[in-house]
Amino acid sequence: MAVSSGPPPYPGEVLVQPVAGDEVGFFTDSSICIGCKACEVACKQWNNVPVDDIRYLNSSYDNTGELSANSWRHVSFFEQKRDGGVAWLMNSDVCKHCKHAACLDVCPTGAIFRTEFDTVVVQADVCNGCGYCIPACPFGVLTRREGVVDQPAETHVAQKCTMCYDRLKGGDEPACAQACPTKSIQFGPLPALRERAQRRLDVLHQEGVDSARLYLADQSDNEIGGAGAFFLLLDEPAKYRYPERPITPTKRLGGMWLAAAAAAAVALAGVGAAAASGRR
Amino acid sequence: MTAQTTAEGGYYGRPVLKEPVWKPEVAVYFWLGGLAGISAVLGFAARLSGNDRLARSAWFTAFAALLPCPPLLIVDLGRPERFYNMLRVLKPTSPMSMGTWVLTAFGGVTAAAAAGELLGGIFATLGRVAEGAAALLGLPLATYTAVLLADTSVPVWHHARHHLPFVFAGSATASAGAAGAILTPSQHSRPARLAAIFGALLELGAAFAMERRLGPDARHYHEGAAARPAQAARALTGAGAALMTLGGRRPVAMAAGVLLLAGSLAERFAVLRAGPSSARATADGGTVRG
Amino acid sequence: MRNPLARWPAARQLTGRDRTGRGEAARSQRTIELQPRTHQADRVVQSICPFCAVGCGQRVYVQNEVVTQIEGDPDSPISRGRLCPKGAASRNLVQSPLREYRVRYRRPYGTEWEDLSLERAVDMIADRVITARAEGWQDHDADGRSLNRTLGVASLGGATLDNEENYLIKKLFTALGIVQVENQARI
Amino acid sequence: MGSNMAENHPVGFQWVMEAKLKGAPVIHVDPRFTRTSANASFHVPIRAGSDIAFLGGIVHHILETDSWFKDYVLPYTNAANIVGEKFRDTEDLDGLFSGWDPAKEGYDTASWQFAGMAKANSAPEGQGSAAKAEPSGGLGGGLADAEPERDETLQHPRCVFQLLKRHFSRYTPEMVEELTGVPRERFVQVAELLCANSGRERTSAIVYSVGWTQHTVGVQLIRTAAIIQLLLGNIGRPGGGIMALRGHASIQGSTDIPTLYDLLPGYIPMPHAEDQDLQTYLDGHVKSGGGWARLDSYLISLLKAYWGEAATPENDMNYGRLPRIDKDHSTYRTAIAMLEGNVKGYFLPGENPAVGSANGKLQRAAMAQLDWLVVRDLFLIESATFWQDGPEVAGGQTRPEDCKTEVFFLPAAAHTEKSGSFTNTQRLVQWHHQAIEPPGDCRSELWFYYHLGRVIREKLAAAKDPRDRGILELTWDYGASGPKAEPSAEAVLREINGWDQRGRPLSGFAELKADGSTACGCWIYSGIYADGVNQAARKKPGSEQSWVAPEWAWAWPANRRQLYNRASADPAGNPWSERKRYVWWDAERAEWQGDDVPDFNRTKEPQYQPGEGASGDAALSGDAPFIMQGDGRGWLYAPSAVLDAPLPPHYEPHESPVRNRLYEQEANPMREIYNHPLNPYNEDPEKYPFVMTTYRLTEHHTAGAMSRNVPVLSELQPEFFCEISPELAELRGLEQGGYAAIITARGRIHARVMVTDRIAPLQVAGKTLHQVGLPYHWGQRGLTRGDSANDAFPIVLDPNVHIQEVKAATCDIRAAERPKWP
């Protein structure tokens, strides 16, 4: 079982190591993110994620922009005027590893699967690049890797964070969490992380940081069934490019099939009636 | 002046969702799949009602429309050489997986039906059974594509999840009827013409209801890349249906059929193109709702 | 997996626990056999990050004489296994596509680089040091005090050099009478 | 202050973040709101170049509110010393001190000395014929033999404490606001927090980086911080101190085992032309009290390490073979000498002055005057290719065929391809092991300099010239072996550590002898190879040791992790408080104990008083923690060792749009100005009304060679930008994401415009002052290219250490077209 390195940064908190069978994940505490982007680089180095485009995005210190096949971690930066001063909010975004994952549900090849760690992984050797997972994801995490020539085997297929599946299998924590200098990214068993996050939130509220909130820590405000990666944010989710209430479209698949069946029945009835009328 | 585009536009105006990457081939496939599926239904219904002439055109249409489908789908893949991975798993949660299996099965039985038609004898009987199976599979083939789109996070699709199948079913019926009307002499084509008119009305009605349901999101059918095909779909389908009511004479029926076929294709383009526009419009994070 | 059908995930779906094909049934052979590449390393070497002066511990994984991974060393009480983006980019640094592996030589007034062997380069540089040292030699100052130095040669070193390297530079140059020996530490 | 720790030392910043989570206030004083500010308790925007005013205001606050730590200050500092009656302060002379000699542009520091004492014997002035005095290597302050007069009541008008009060009397919150742009309430809040978190139970630390050193008053700036920390009792105690966060893996090592013109290893001053023989040198430098009293043994052991058998008492230990300095030979002075054609050859191992040094244009022009240039790097950096694609070539001012410089580019080995040690910012010497062989022609510096030396020695072997004796007699055998004949770094480390006559590795500098029986390449590193073991390579996991982690690597001196830690105990040797216990006197065992190795004579009892005529360590009392100082005390007032002021005054930067509100004397009178056509200064503040400052980004490294050539880093910060406020953008019509020209007398550079509230305009002296931030990582090569910020800065230096002022200068900024580079 993968282990998490280093103690949590909060006083009084202890390191909780996952044991076999635990669902594991990330708690990303944006209130202690220093925006260094070590997570982005450590991820790229471990997973051989290519550098596709070197360009200036004109959005504060963010030149990554968003998660994609070539950016599995993305640190967002936004600046705000606050109480006469200024605030600069940073957060390391990542695939949420939804418990009810639309990308996984809709994948027609089985390239995307749920691992023994309860994470969601794309198998680059299986994916045929059908593109279905891309609009299915409610967080806009997935894209197809395009235009990269040095790893032909992994181009034109969908790619995203694997939570370093290979490292987890080998008993190592994900590269981003290990690198994170301030442990803004914390890896561990999810129940323990959720409890820790709640305590951290309580502390922030006591300190008067009213804007602090947890995002995706529980299932109350979303349908994704809980997330393998959840966040402590300092502003509303939209400021971090997050949906307020993420959906899992496949949750309503039954209704859709029913509607399709009804539509098919109507068509059948129509065609049948037409055929019958034509008998005259 | 400053960088705080975040305040009004979410995060620097970046959409929450990623745009679908499907190419125009997919719209053509949706159209052909619908045409093939409902043509099979029409063919089987005509057979049952004793209209073999119409049945023959319908089955021809089903078979002809089916043939380009696999290549169209494969071309759209990022890795076409891995198309066979579509049959690795059988996933009830994936409309695309189910659709692939349906298409595969439909292809098999349609081929069997065609063989029966050609070979006759004992094969003709088997062909009849295959026709029944094809007709049964033709229904989901014509509608699963609507589910495929609805089963995404794209608001303009997902919020229309209960309407899209009707739009697609109507459009498919219209196109199948239209094809039948074109390929069949007038004296045998009345069921096809009626089916075409019925399908067109269903499509137009469902599309209207869908836009009402979508509310503000319906704008993606009136502006952007989907606007022209949507307008074309409405106009072509409406005109085609109207003309089809006068379709007693074959040239008129043929003209109406062409209009309806074009309208049906335009409808699929409209729906497919509305997706990226809608995904792009999710910058404020609030529009993705259940 | 002798039964070829058992390699077909759809068959595994029907026979195994993963009925919907979203879990173990969907795994490819590569996925099943996947292990972190660090576990296949021939050796793991403890190193120190070459960027800033915090001095974070690094572990360098080597397989077939190629560095396959550089990551934080959890043993370090300084860094506790953590790295910043630069430290985390160390493998990309030492394997950068822009790195130079050959001596380049530009002759006076030349417009292009030329090839030169390493041995020849060291020999030519030694000759030039000897000449420039002599040209800039100052035995005494105006008051007759011994200076025992040359101003014909100067050096400005970066601060990513090892202590041992700095020691040799200072020792060699001091013995040659070169005093304009400087370092990034001045900047 | 003067540091952007979260951005430039992110992994070190983990400890700050944890302290903050435990309740420590973290205050960031900086012209810009950075990633450090975003994670601090609060940020204080300040005018670049006004830090002494801010810190001086804190000194004023401490004294005014009586917040100083009396039990610490009285015994441990020179607060009670009485200064001679001839001394005049800047308050008397409007910004100058007594002893100013306009002709020499320097001070005669005789009047700065304490009453009852002769001149401090380490005072550097009068050294030879140099126009300006040179600082004296790394020697701590020394004092002449006599004890200074003291007034333990601190009432004497000329005692240091009273002088301090008077000197900073006008540094009021109001004045701080006028000078720095920091609102007085905010300033007082900082001062109060600092005082509240200092004392017996608490300590505060000050962190700085090149934001302080790169000024014409850099040394005085740090001096001011030292005064604050001494007054508050924050030196030598856990959680206290002044931490210089250094920017490069072994930049600390580069000064310890220096490649600096004025130092020999271990901060031993380079011999001056005056120091004609060993005795003269020792007479001039050896202190009677403190650690420097044994300079003779350090230097002679070094000479033995250099020349081995050839260094004998008969030949003055080969002292005569050492070259002498008689003036400034620092890198900027050398660049000027190159321009004048006086330097023929230049080595650049891992350095990129075309981008990284102030006034890049002058640097490039200087290199174009060389006969030959050797560049050793991983990449073809701008300093190797200036003749080919420098801005002057691109701009058409010069052509490759006009440049005479012969250039050798030799590819270097990376850190993974060689073994050796780096010394980090806290003096921790850490060994890195070789992982693979260097590829192609890539070689370590060790290889290159060893073989260069070997070849030179072979070529000179037959030479008869006496000046070649030094190189020929040099010990030069480091066990070069293997397919590439790589010298052994451990063999070099052994020499650095030193050995005795039998070749046994020394266990520490205490064993060094002045009789030639020991050899040691760097006395402060002695013990790093104790017992024949590479102590720097110790890698016992931190989790298996105490929080001080003494068995991870090795810290100089003597593996002491915190300097002057005797000050963590009170004069009687007891911890100031249980909470802050670190090192203390154990009366039963009659020795100093603690979490760390005591930075003190282990068995010297707290009550010890030196007898008459005692010297060296014995001359320091048991309650004198600052053992490298001649008097063992922390110097609030520095009568020697610094050239430009015994007490720090606020001077304006050389280029400033603001007049000095405190003194008639505008800028540091001793700052080093280089009048050269290629080094023009901005004269007219009307023409150059804005303050510009340089800095670094997390995503890049210094002059960029190690990041602009790295794809995963280049994509994270892909373009040179300038940070300006919305107000300045409005004023100059600059657009977010557009381009701007930063205009100075040096020319124009172009940058992408980043308009941000993070660099707010300040109200300074009743006017709105705008600042322009310029990250300096870019150059003409690499995956991301752009103008170099250093091209906009002139060469003007701190007189003590010859470091350039690139943290504050003036400029104008205008909208511009998209430049050619990016």
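Labels for the chains are A, B, C and D, by order of writing; each one numbers its residues from 1.
Here, contacts are C-beta pairs under 8 Å (C-beta built on N, C-alpha and C of every residue); 3 or more make two chains touch, one makes a residue touch a chain.
Everything numeric here is computed off the predicted structure, so don't read it as measured data.
Per-pair tallies of C-beta contacts place C-D first.
Of all chains displayed, C has the C-alpha centre closest to the centre of the whole protein C-alpha set.
Averaging C-alpha coordinates per chain places the centre of chain C 25 Å away from that of chain D.
Work out the mean CA point of chain B and of chain C, and you get 58 Å between them.
Once the centre of each chain is set as its mean CA position, chain A and chain C turn out to be 34 Å apart. If you average the Cα atoms of chain A and of chain D, the two centres end up 45 Å apart.
Of all residues in chain A, those touching 2 or more other chains are 36-38, 40-41, 44-45, 58, 60, 79, 81, 105, 110-111, 126, 181, 183, listed in ascending order. Counting partner chains per residue, chain B has residues 2-3, 88-89, 91, 93, 97 touching two or more of them.
Annotation for chain D: residues touching 2 or more other chains are 10-11, 14, 698-699, 711-713, 716, 736, 754, 756-757, 783. Contact residues of chain B toward chain A in the complex are 2-7, 10-12, 14-22, 38, 41-42, 45-46, 48-51, 54, 76-80, 82-83, 85-86, 88-89, 91, 93-97, 100, 139-140, 142-144, 146-148, 150-154, 157-158, 161-166, 168-170, 172-173, 176-177, 188, 190-192, 194-195, 198-199, 202, 206, 275, 279, 282, 284-286, 288-290.
Of all residues in chain C, those touching chain D in their complex are 43, 45-58, 60, 62, 65-67, 70, 73-80, 82-87, 89-90, 92-94, 96-111, 113, 116, 118, 121-132, 135-137, 139, 141-143, 145-172, 174-187.
The part of chain B that touches chain C in the complex is made up of residues 87-93, 97. Listed in rising order, the residues of chain A touching chain B in the complex are 57-60, 62, 65-66, 68, 76, 78-81, 102, 105-111, 126-132, 134-144, 146, 155-158, 223, 237-247, 249-253, 255-257, 259-264, 266-268, 270-279. Of all residues in chain D, only 6-7, 10-11, 13-14, 17-18, 21-22, 33, 35-39, 42-43, 697-699, 711-719, 721, 736-737, 752, 754, 756-758, 760, 783-784, 822 touch chain A in the complex they form.
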